[in-house]
Amino acid sequence: MGDGVTATQVVFWILAVVMLVSALGVVTAGNIVYAALFFIAALAGVAGIYLILAVEFIALVQLLIYGSAVVILILFALMLTRARERPQALFGRTRPLGIAAAAGLLAALIGGIVATQWVTPGSAADFQPIALQQIGDVIFTVWIVPFIIVGVLLSIALDGAIMLASPDEEE
Amino acid sequence: MPDLVLGQFAGVDMPDWVDALLRIMFIVALMTVNAFALIYLERKILARFQARVGPTRTGPIGTLQSIADALKLVTKEDVRPSTADRWAFELAPYIAFVPVFLIFVPMPFTETWFIRDLNLGLLYVFGVLGLNIVGVIMAGWGSDNKYALLGGVRAAAQAISYEIPMLLIVVSVVMVAAGRLATDGDVSAAVSINGIVADQTTTPYILLQPLGFVIFLIGALAELHRPPFDMPIAESEVVGGYFVEYSGMRWGMFFLAEYTALFLIVLLASSIFLGGWNWPFGADVGLGLQIVLTLVKTSVMIVLVISSRALFPRLRIDQLMSFSWKVLLPFAIVQVLANGIIMAYGGPDWVVGLVSFALLLALFGLVFALTRTRKGGDTTRTIQTTPARPRVITSPEVTAVEAGGGD
Amino acid sequence: MTTTQQTFEGEILTEPVVVEREFETVDMNINVGPQHPATHGVFRMVLTVDGEIVKDAIPYIGYMHRGGEKLSENLDYRGALGYQDRTDYLAAFNSEWVYCNAVERLAGIEIPERAEYVRLILSEFNRVLSHFMFMGAFGTDVGYFGTAFTWTFKERERIQDLFEAVCGDRIMYNYFRVGGLAWEPHESFVEDSNWVLDQVEVGIADVDNLMTDNEVFVARCRDVGVMSAEEAISYGVTGPMLRASGVPFDLRVDEPYSIYDRFYWEIPIGERGDVYDRYLVRLEEMRQSVSIIRQALDQMPTSGPIVAERLPARLRPEPGEIYMRQENPRGEYGIYMVSDGTDKPWRVKMRSPCFHNLSSLRPQVVNSYLADAVVALGSIDIVLCEVDR
């Protein structure tokens, strides 16, 4: 592998293509179950990118939470409801709003990419994977308040979901 | 920690990619042999439980039966229902199969025999295994069969619910390992499977986390769709579940995935709870004894898992869910909290083990109470007998022709 | 969400389906049977399920209808006996016995005591056999992977071996005759029966150990398919199902026939009328049957005729009618027979217990889980040949 192409770069480009294709698939697939499956592929691609960045922990958590659990719950809902039976209109009345939101997001991302001072890693040897311990230390000391707030928020969401889903007592 | 380099055995230096290729081939071979052996074992053991003899005709005492089955599967026509969703249907077996294949990577067979010793091995296993469900749910949805859909949905619900208590138990195991390694080793090995095994020279973790072992085993049964948690493939309800429409080798892939997962999850359990290659002989006994030790422990647990299939009926889906969320999850959380509190105050290992054991007894007591007493505290047997009215024997009763008795 | 739906009272509710909310779960119609592992033959039910909850169940029967009643009317009184084997093929002796008794009472034939004992012993053995079959099939429904099935079939085989020794056939015995038996049971009948009884007792204990106290089994069966005594009576449910609902009704006692008044035994009664009680009642009934058989074997005369004397070559009963009903393993099996004085019955009607028991399925399974529907169906212990006749 001459002219400076490393294995990491090859993997990166493969992942990038996979992610792009799946992301496009999510929004263009007519079948909503396909969209959910593409979504899994896109999220798995993100996990791959995390792996390349040597943050294995986040990559695995991404797989564990998003790659399987969350999307499976979405699929679950789609399969048991009527949503899968009707073709989904790709563009509705909210089209201009959607375009505006997407354009705004794109601009923000490009701006962010351009404005960032990127650090070029010297070589693979300089790379120190972040130890799990450090992540734990940081979460439970520096970021403890956001952590708790997020926990409470998720609990409330869960309670709400249970309340919505529980069958009516009479009947 | 020394890594397995296959070249050592041949005495040659080989490039990395040859090494990697050899490892992959090793996994594939191991997986196939393992599936053949397990299928044969399962059939024989089940047969013994069921007053039968099992396969006897193919090969000596039926040992070639699995190979005959495999040949049959390979030569069978691959049928795709015309209304099935083509992509989902055809891709599903691979997506169900590949993640299981991948969790071979961090599994330690001996001190030095594994594909790669991953730092986050335990997390890796669960992260990758979860993807397996995507394949199952694709199969269920793509088959365009209501039984398959129900089976797929059941499998997904079950996998998600049982992953959580299992993960929490893994957390509690990691806590114990980290606590022990903090005193005499490298804490970063606490999430690596081999690191945990290496720490169990004198004390297998089943003594420190008996509750963890039981919950892990229950979760493993659910994850593997083994009775009493086999609703996704319940024959009398959903006729086989998510793979009901599959035939030939595609069905075989699900089967292969199932048996490989059985072996690997049980291997994982015997590694993190029973000391894998380490306990009770330690690291100095040589590779031969270590691998025998690993396989013996794994086999014993596999026999346990298989016998559960012979001896337990199947739970209902709501009972399964409430058992996971209302019983196992709280116990797992309490276990994590208890470990945290004890270790924060510097409690010794035996306190951890004792508390876990007490929790285990509480779990058993609760399950016993839940099943024996329902609504009003009745016991299971409520049958009464009333004596049939005894009569005086006179002569054989002869009734004259009666018209229109009855109702 | 309501689609066209027939309530049990027969009124048809037709409401237009107005579903605008996309994320309402969709009711699925699941066709269970006629070829499905849980339907014990060619029974079919269409379950409307919302996820795992059964919203409606419509049973379809008739796949096995062979017109046994009409066929019997075109044969003479003896010739139609063979059809009885083929209605309730799991309890063929019991069905034969009902038919023989009906004809004998209609024609005023007295049968010898020894034949009565042999009939009773074989019928009670058949009850045990049938209940073993139930245990096995029900165990499979609940989810035993074959263990219950093979264990019970082991015992069933022993009883069938005995039957084979007696009459030469394992399922379609055709051994009872109007007026007695076809031929003497084989010489070692009593010893063989005693040996089989010993084995059967072990088998019953095995089943008991395997299933009764198994936590999972109890969890699956308790409070499933509950039927109150009133409901059971109003549906015409009979047999172990009725007794499981707490009604101590057993034709062997309440309308005694044959020589059941010579033995002491007990009638098991359930309290809650759920699936578990039905299982327990059947389990206990097997023990009681064993006890009856033991007493009968002790009392049975060692020699004597087995066929009534002076039987006419062609039976021409006086014009009249009879309804003979007996306690089959599955409930009240009745033969209603009208004679017009010729050598063929003018009308034969079979009252099959499973037909009535099966009719109570729908209220048992509606609003229960899909898995409970399977278990409730299994607990009825249907024999489709008998339902459809």
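Chains: A, B and C, in written order; residue numbering restarts at 1 for each.
Simple rule for what comes next: contacts are C-beta pairs under 8 Å (C-beta built on N, C-alpha and C of every residue); 3 or more make two chains touch, one makes a residue touch a chain.
Values in this document were obtained by computation on a predicted structure and should not be read as measured data.
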Exercise. For chain C, which other chain has the most distant CA centre?
Worked result: A
Exercise. Of the chains shown, whose Cα mean is nearest the mean of all protein Cα atoms?
Worked result: B
For this session: Measure off the straight-line distance from the CA centroid of chain A to the CA centroid of chain B, and report it in whole Å.
Result: 29
Seminar exercise, completed: In whole angstrom, the CA-centroid distance of chain A from chain C equals 59
Problem set entry | Geometric centre distance via CA averages, chain C-chain B, whole Å | 40
Problem set entry | Sites on chain B at which at least two other chains make contact | 149, 153
Exercise. Residue numbers in chain C touching 2 or more other chains?
Worked result: 51
Exercise. So which bits of chain A are touching at least two other chains?
Worked result: 80
Seminar exercise, completed: Per the touch rule, the chain B residues reaching chain C in their complex are 46, 49-52, 146-147, 149-150, 153-154, 227-228, 230-231, 234-239, 309-319, 367-368, 371-372, 374-375, 380-391, 393, 396-406
Seminar exercise, completed: chain C residues touching chain B in their complex are 28-30, 36-38, 49, 51-52, 105-106, 108, 110, 113, 116, 139-147, 149-151, 154, 210-220, 222-223, 248, 250, 252-253, 255-272, 276-277, 280-281, 284, 288, 318, 320-325, 334, 336, 351, 369-372, 374, 378
For this session: Show which residues of chain B lie in contact with chain A when the two form their complex.
Result: 87-88, 118-120, 123-124, 126-128, 130-131, 133-134, 137-138, 140-141, 149, 152-153, 156-157, 159-160, 163, 167, 187-188, 191
Problem set entry | chain A - residues contacting chain B, complex | 33-34, 37, 40, 44, 56-57, 59-61, 63-64, 67-69, 71-73, 75-76, 79-80, 129, 131-133
